[in-house]
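Heads up, there are several structures right after this.
After this come two complexes, each holding chain A, first together with chain B and then together with chain C.
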Partner chain A sequence: MFEQILFLLSATATIGFTVAVVGTNNLMHACMYLLGTLFGVAGLYATIGADFLAATQIVVYAGGVVILMLFAIMLTGGAEDKKNRFGIEKIPSMGSTKTYIVAGASVLIIAMIVLKMTANIHTANKDLAVASTGNESTVFNIGSLLLTDHILAFEISSILLLGALVGAAIIARPKRN
Partner chain B sequence: MISLPSYLFISFLLFVAGMFVMIARKNIVAILLGIELILNSAALNFVAYTKFVNNNLDGHIMSLFIIVIAAAEAAVGLAIVIRFYQLRESVHIDDATQLQS
Partner chain C sequence: MNSTIVSYLSQFEGYQKFVSMASSFLGSNASGYITFLVFFLGAFVIVNVMALIGGLGTYAERKISADLQMRQGPNRVGPYGILQFLADGVKMIMKEDIIPSASDKFMFTLAPLLALLGVLATFAVIPFSSGLMLSDLNVGVFYLIGVSSLVGVGVFLAGYSSNSKWSMLGGMRGASQIISYEVPVTLSILSIVLLAGGMSFGTLVNAQSGFPHEWFILHNPFTFIGFFVYFIGALAETNRAPFDLPEAESELVSGYHTEYTGMRFAFFALAEYMEVFVVCGVAAALFLGGYKVPFDLGDGAFFTHTLHLPEFIGKNIGQVLELGSFFTKTLVLYYIVIWIRWTLPRLRVDQLMTLCWKYLTPIALFNLVGCAFWMYYFEGKSLYVLLFKSAAHAAGAGH
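Moving on to the complex of A and B:
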């Protein structure tokens, strides 16, 4: 019963905030709505028994990625309309009506293709109920799996993070003349 | 209600919304925001399948690596955006026409 309520709340939050991200005019508001979407996805993880993943989602996205995006938006002039130095007026946050029509048509085509390709998956797993093993904590098992079976991927991802941070610091540094 | 198709439907909506944002918006930061939505839909799919189909922890580990890669991608992408803004004084995607300034 509690899981059903949590699932309904998380699904509603995810879908509603996603529609808000697509539809809003202000880029700063879109970033805030993205935060709501990420919290909704974390709630979906919690309903499915992935507690460690839900916590990681909130910590990494809400604490890292969304803050980084807010900093980038504010450093690049915020959400207001700007003219660039060629004098051509451009709206930074939104596309024009033409881009919306093109995006709607292509997304419709992609959606039809994906639904067609996954139709047999939907029908095959329609009555696959949740394997009711209870939701015990997954932290211990994930930790031991990461340090035994997936140790190579774990180390490679740490090197990837180091490289990404050093690369970001080098790229964003102003060029000294 | 909590079944595999409902999770797949939510993940599908996230993917479509991310694709829409990537195509329709003209701001580079907004395009990165769409990429985050798409990565989230992929991670949600992994977790849903690993819960309802084979019921082990492989999908959780895959989603963990997806989150790591999303964080790295956001850091590098936003650094490129800030550098581009310093050079061109714009974050419009149509202004990005040269690799070297």
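Moving on to the complex of A and C:
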């Protein structure tokens, strides 16, 4: 019962905050709502027993990405006057009735297709899903998988990160004549 | 099995009897409700005790700083002025709650809540004793790092939303400082995780024992350095002097909380003092043996088997000893943090970043690799074991 309550809370937070993200005009507020969304997703991970993934979600997004976004918005002045000098809104509202109808219909169709495609998996793994929501640790499994089966992807992503780090250092370095 | 406050209580007959009584009374299985109730009460008590410790922290700060500067400190309210923090709290509640008209009101009200939330959420995994742990998550330390980074978001938002130059500078300094110093802190925690072989606080603390030579700080030279790297980084993460640049009084009035009054300001102050307790508690748990008591007195076997006390009393005496061990270590570190604050001058911003990125981070990386090599070559034996064993071997023991 507690897992269902947790799931309902997380799902409500995820959807509600996401609607708030696209609904607000203020970029900084949108960023804060996004923080709520990311916490909701972490709650969803925790509901299905992926504790490591939930903690990673909080560490990476709440600690790193959201602060970086806040910095970027603040430094580029995205949160300042919403109207330009002609009185026209710089940040228009997100779409009109037409776009809402088209987006809603396409979301429904895609959701139906995905549900139809994954229906077999849901019915087949019903017992498995219930059994795996115990208190077993996912850290050990993720660690051994990362360093055995997926070592290539792991190393490639680390090289990518190294490249990003070096690139940032080169861009940020003061120019010398 | 995760050791929590419920699993500790459920080993006693009285608790099981109570659960079965409640089940027969309700007509259905009541263990779920009682578990919820116990967790609720535990969380309630811990949050309130920690708020009390945060309040007493302000008193300790003023009294210790007075000692260091040969002053009296607060001495009017209560014996030795110990009720000063209550008087401060009453004053904070009575003050007018001012929200600057040019501020972003939504974020101005959200910021102190985020700062306090980030600290309060960490108490879920702090190992006060082997029985008094709200949740022994498998990813305990990782979770703690994650939720405590919310404090950085709170500090930054406070600086941004106040719409004041001082606050803005303080908030930006705070956010950059907290993000930067998370790197060496996390790397030093990682080297301990490597030694213990797990991220839950239960695993980390149980890999150590009661005596100093069995603690991780004296396990090998790398962890000894790692403790100091962690401690310096933790000082910077909690915005304490010599790293109190976000609230540098002489430059920025009072930094990110310049525009805050009343309870909103008190939330920031409380969050800071509780976070100091948290980082000291984590340092005690990771490096200084946590709640472990010498001679394994903590599990209560000595009291029940040798002194023939009832099991309930024996175990609880053990728990009290463990609590005493944990709080003693943590509060000694707390004292050192305050002592450092009133001894060292403040760093400049460039010195702060140089210290983090050019000194602490490489040292922490070196420690991590060193710990990995130590695990590989010496199979995780501590320095004491190696020296003692080799000395005993040279003296002819074992032949």
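By our rule, the second predicted complex is superposed on the first by the 113 of 177 C-alpha atoms of A that agree within 3 Å, B and C clash if a C-alpha of one lies under 4 Å from a C-alpha of the other, contacts with A are read in each partner's own complex, and residues count from 1 in each chain.
Throughout what follows, a residue touches a chain if its C-beta (ideal position, glycine included) is under 8 Å from a C-beta of that chain, and two chains touch if they have at least 3 such contacts.
All values reported here derive from a predicted model rather than from experimental measurement.
Of the two partner chains placed by the overlay, chain B and chain C both lie in contact with A:T138.
More residues of chain A lie in contact with B than with the other chain of the pair chain B and chain C.
Of the two partner chains placed by the overlay, chain B and chain C both lie in contact with A:T56. Touch criterion met: A:G64 reaches chain B and chain C at once. In the superposition on chain A, A:M74 makes contact with chain C only, while chain B stays out of contact range. Using the contact criterion defined above for the overlaid structures, shared-chain residue A:H29 touches chain C, although it does not reach chain B.
Looking at the shared chain after the overlay, A:T37 reaches chain B, while chain C stays out of its contact range. Touch criterion met: A:H150 reaches chain B, while chain C stays clear of it.
Residue contacts after overlaying the shared chain place A:L9 against neither chain B nor chain C. Residues common to the contacts of chain A with chain B and with chain C across the two structures: 52, 56, 64, 71, 138.
Across the complex, chain A is touched by residues 1-8, 10, 12-17, 19-21, 23-27, 29-30, 32-33, 36-37, 40, 43-44, 47-48, 51-53, 55, 57, 60-61, 63-65, 67-76, 78-83, 85-86, 88-92, 94-95 of chain B. Taken in their complex, chain A has these residues touching chain B: 3-4, 7-8, 11, 14-15, 18-19, 21-22, 27, 30-31, 34, 37-38, 41, 44-45, 47-50, 52-53, 56-57, 60-61, 64-65, 68-69, 71-73, 75-77, 82, 84-85, 90-95, 99-100, 102-104, 106-107, 110-111, 114-115, 118, 121-122, 125-126, 128-131, 133, 138, 141-142, 145-146, 150, 153, 157, 160-161, 163-165, 167-169, 171-172, 174. Across the complex, chain C is touched by residues 1-2, 26, 28-29, 32, 35, 51-52, 54-56, 58-59, 62-64, 66-67, 70-71, 74, 135, 137-139 of chain A.
Remark: chain C residues 1-2, 32, 36, 104, 106-107, 110, 137-139, 142-143, 145-147, 149-150, 152-153, 156-157, 160-161, 172, 175, 179, 182, 198-199 touch chain A in the complex.
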